[in-house]
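What follows is a structure written as structure tokens; I'll ask about it next.
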Amino acid sequence: MIRLEKRRSISKLWTTLTPIIAVFLTMIFGGLMFGLLLGDLASAFGAIKLIFWDPLFDENFASYARPQLLVKAGPIILIAIGLSIGFKAGIWNIGAEGQYILGAIFGASVALSLFPRESIFIFPTMILAGAFGGFIWALIPAVLKVYFKTNEILVSLMLVYVAENILTSVSHGLLRNPDGMGVAGIRNLKDYPSAHNSEIITNSGMHWGVLTAFLSVILAYFLFLKHQKGYEIKITGEAPKAAYFAGINPSKTIIFCMGMSGLLAGMAGLFEVAGPAGQITISFNSGYGFTAIIVAFLGRLNPLGILMAGLLMALTYIGGEIAQLMLGLPGASIQLLQGMLLFFLLATDIFTNYSFKTRGS
Amino acid sequence: MVMFGIDLVLLIPALMISATPVLLAAIGEAVVEKSGVLNLGVEGMMITGAVIGFIIAVNTQIPIYGFICAAFAGALLSVIFAILTQYMMSNQVATGLGLTMVGLGLSALIGKPYEGIKSPTLTKLEIPILSDIPILGPMIFSHDAIVYFSIFIIASVAFIIKKTRIGLILRAVGENQDAAHALGYKVIRIRFIAIMFGGATAGIGGAYISLARVPQWTEGMTAGAGWIALALVVFASWKPWRVLVGAYLFGGITVLQLNLQAIGVAIPVEILSMSPYLVTIVVLVGISLFGHQTAPGSLARPFHASQ
Amino acid sequence: MAEVLLQLNGISKSFPGVKANENISFEINSGEIHALLGENGAGKSTLVKMIYGLMQPDLGNMRLSSESFRPSEPSKARQSGIAMVFQHFSLFDALNVAENIALGMENPPKINDLSEKIENVSKSYGLPLDPKRLVGQLSAGERQRVEIIRCLLQNPKLLIMDEPTSVLTPNEVKTLFETLLRLKKEGKSILYISHKLEEIREICDFATILRNGEKVGSCIPKNTSAKQIGEMMVGKSFSSPSRENRVFGEKLLKVSNLSIHTKDFFGTSLSNINFSVHVGEILGIGGVAGNGQDELLSALSGEEKTSPSTINILNHPIGKLAPNERRNLGLRAAPEERLGHAAAPSMTLIENTLMTSHSEDIVNKWGIINFDNVKEETKDIVSEFDVRTPTLDNAAASLSGGNLQKFVIGREILKKPRVFVVNQPTWGVDAAAAAFIRQSILNLASHDSAVVVISQDLDELFEICDTFAVLTNGRLSKSYDMRNLSSEDVGLLMGGSDLDLKNS
């Protein structure tokens, strides 16, 4: 008879194996799902290839797809790094989507209020504004948790819906493009050079947001490796009583973690609106805040893992778009694929913490 | 009966109809949490119930079959959650979120062909004598079967939890999983059943949105109802009748703000749309301040029977 | 005329890496109080779990009243007439007495009938209980009553008690023994697990002694000296801690009017606690668990803040300082709960050393951690305090209780704190490690430090403390010179009375 037994220490081998296994399982079961949708298995696995392989390596798609990979991965990685800081401490910021929106609104507002002046200081100011917007939006659940012990999952999530409503409101009203002929949405920032989040290397997809994302990965890596703050976060998540005993102030930790994740999400929003999206409209937000949650878990809350997971997730987005185009697969199937990835990871996770033993061994 | 320009005879039934989905999902989740498990996947289970219920109802033209299948669908989805969290010890928060995403994706996928179609609606039941009482009759006694069913579920859960042995065992498991195990109670089995119950009620609640409240299928139509249900459980301090009160309050606010929009009250539409969510936040804060939060002692802690 | 009630033949049970029980055989007669002796880790709990059906033996068999007995789960054991009072109570704080009892019974009557039965039975055994009270609000002694009544209502043939007196005051122990003798007269048998030799000798008819999973002997306790039994239990002699006569220096720690209102629903509030400790002095604070020990430690460690002058070190008010700030001033603490409080279970020993190590050479002013230095500190702790661990990177949870406790205490003592406060220094620790820890505490005191030892183990307090006070319901008695105190005095103190002795 097989039974489960908790390991004495987390298995390092399995920690690196499980994401890889999860990806393979997703490819297999995702392929089966596609098979059901398309009617035959051959095109199903063709779909898998389209999603995971072609965007990187097939000449027909790579030149378009590779830069897009960075464009998609950038914001997701940036947000996920911020989230991982909180998740590691047991602080669940589920409202990154809302913080992303607020960051975009704040940043765009700065740009629009300075239009049509040109200056190299405008863009950095926008970044600060975007960070600030996300920061204060995340501060609401943080403060409520510190002072009233309110559950941050529910509050941060409710604020997403509030943020979406604010988005609709400003798109129609406050920030509406006066030259936009009555259509909702702000002035397109692509046409405003000082405000535009341009590519650092043309046609590489690498805009300032992507660069920031890579920087955040490096900074987070060192934070957790060497810095006291990283240690404090880790112990707060793993043994809160011990953290308190060590002298760590839980309120400060909550504010720091929620604040950081809001800040990074806000910046991601700013980079997106000033860059690839170009403008805020009613449908500006595309779920990056939620995808980032999957990426954070997929990357095991580890900065390098998140980098890989973010790129992988971006691959599914881009590949998914191609598959939709070429094979007519519905967009929701990609969302399902992503959910499957998370589930498989959670399922295989059991091996890192537990080992299978047969009786009498 | 008109108050402040709003007809109460129309408001109260609308409130009850609006509240029923959240009520069903919340009472299910309350049972789950009472057993010590936190399932954040309520939104996913509701939307799955909504789409399955809709599809079955359209294909069979019998709404009740839709509800039954929705219950099964919700329960089935919750089984995945149960296996992952109870047998494979996965993180409950992450798994619940994953369940929501899978539910949203899955439902959008299979619901695509059904967008824009009208479903058969539930008939309002006429109760002899009671339905004919002036004012109260149309307000409270002329609803469809599911509304009455939801109230019945609340009453049953309240009774079972307080007065029966199985309810006592459920409370014990949620309160102190180790002690319950030491006494020989099957912690995991009990939680499994609770989780499935939560899935079933969430499924029915979701189906109510697509079959009775709207009635139509659109992608993502639950619009956060599952999250509201989770908040309601906290608001109700895990007590069944308080779930009812909370759900009706919430339903009231939702309907009220729609009415206010319709009347053309001078408050921007977006603020009115936000109000249910803002009120939820205020309520959560209020509970933390004034309620004495007696959450089940083992809530969200994974249980592994160590030998 | 004794007939054999329960017979164990060759019982063995193994877990990966450890043989918990090896070839154990003994008998319990009806109407007999049978002691199962052994120090922590000897295998007593495992053996008893098999009798109660929580586990099944790998080898061997059991016979109950001459019939084959192998319960697959506790309810089967209960049905066969076996009842168990756990060491760590299997009670539900948020439920009331009647509900708790119902959960431990096979076919409980309806709650109202049950409540009546509880009142009657508990009163008749001298252990009165109110069925409507929430268990979380009961004292430890009262909670044990709930467990006992829960068992008695099932009319058991065999009552298993696991370390029953560890949470009782001397008076409550007396009451318990009266109850046990009465049960014996009724023909019931009791399997009494303990490591307290004097109690065993007082009440038990027969004793089986376990060591390292094996049965190493048996005896009739009344006819055997405590020393002989102790030697059988431990198997080797180790030196008892030695104590030089110390002269006390200046007052290091002064606590004045310490009152804390607990926010924990099941906690104990502290009222008006006053005491002081001098250089070289070890103050023992006795008292049964649940009387405010955790709250007192939190107030001293800095986890609970008070007004500044409530806690003074060398006349510096520190009541508002956080734990790490107090450590910088030389006040260190070791809480009771090893895993989760004193140490983070899933983190390595090196990371756990870092938890209470804040000096400049460990964390510089930019917040960068020097892990090499932390590793050196960890190495020192492990070697000086004989902490058995394969590597320094092992998770804290992988160490045995005794080794982890040595680590936790060693981590603090190696920093040479001027004031050291420890809560239950040797609970759940094997005898050799316990002796080591106590000697370290004595050494610390004789090197210009003041120590406060909070403990439920009166023997331990008698052994190493100079002065003694008792914590009851959040109130602290006066301090007395240990040399002038007898066990009866202590019993009186724990009951809440003052003594008219000279205090030091």
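Per-chain residue numbering starts at 1, and chain names A, B and C are given in the order in which the chains are listed.
The definition used in the following text is that a residue touches a chain if its C-beta (ideal position, glycine included) is under 8 Å from a C-beta of that chain, and two chains touch if they have at least 3 such contacts.
What you see is a predicted model; the values in this text were computed from it and never measured.
Chain centres were defined as the mean of their Cα atoms; on that basis the chain farthest from subunit A turns out to be C. The pair with more inter-chain C-beta contacts, choosing from B-C and A-B, is A-B.
As a whole-number value, the distance joining the C-alpha centres of subunit A and subunit C reads 48 Å. With each centre defined as the average position of its C-alpha atoms, the distance from subunit B to subunit C rounds to 45 Å.
With centres defined as mean CA coordinates, subunit B is found 29 Å away from subunit A.
In subunit C, no residue touches two or more other chains.
Those residues of subunit A whose C-beta lies close enough to touch subunit C in the complex are 5, 8-10, 226-229, 231, 234-235, 238-239, 241-247, 249, 357, 360-361. Residues of subunit C touching subunit B in their complex: 15, 53-55, 73-75, 78, 86, 89-95, 99, 102-104, 108, 265. Residues 40, 80, 84, 88-91, 93-95, 97-98, 101-102, 104-106, 108-109, 112, 219, 223-224, 227, 230-231, 234, 268, 270-271, 273-274, 277-278, 280-281, 284-285, 287-289, 293, 304, 306 of subunit B touch subunit A in their complex.
Interface of subunit B with subunit C (complex): residues 165, 168-169, 171-172, 175-176, 178-180, 182-185, 292, 294, 296-297, 307. Contacts from subunit A toward subunit B in the complex involve residues 4, 6, 37, 92, 94, 144, 148-151, 153-155, 157-159, 161-162, 165-166, 168-169, 290, 293-294, 297, 330-340, 342-343, 346-347, 349-350, 353-354.
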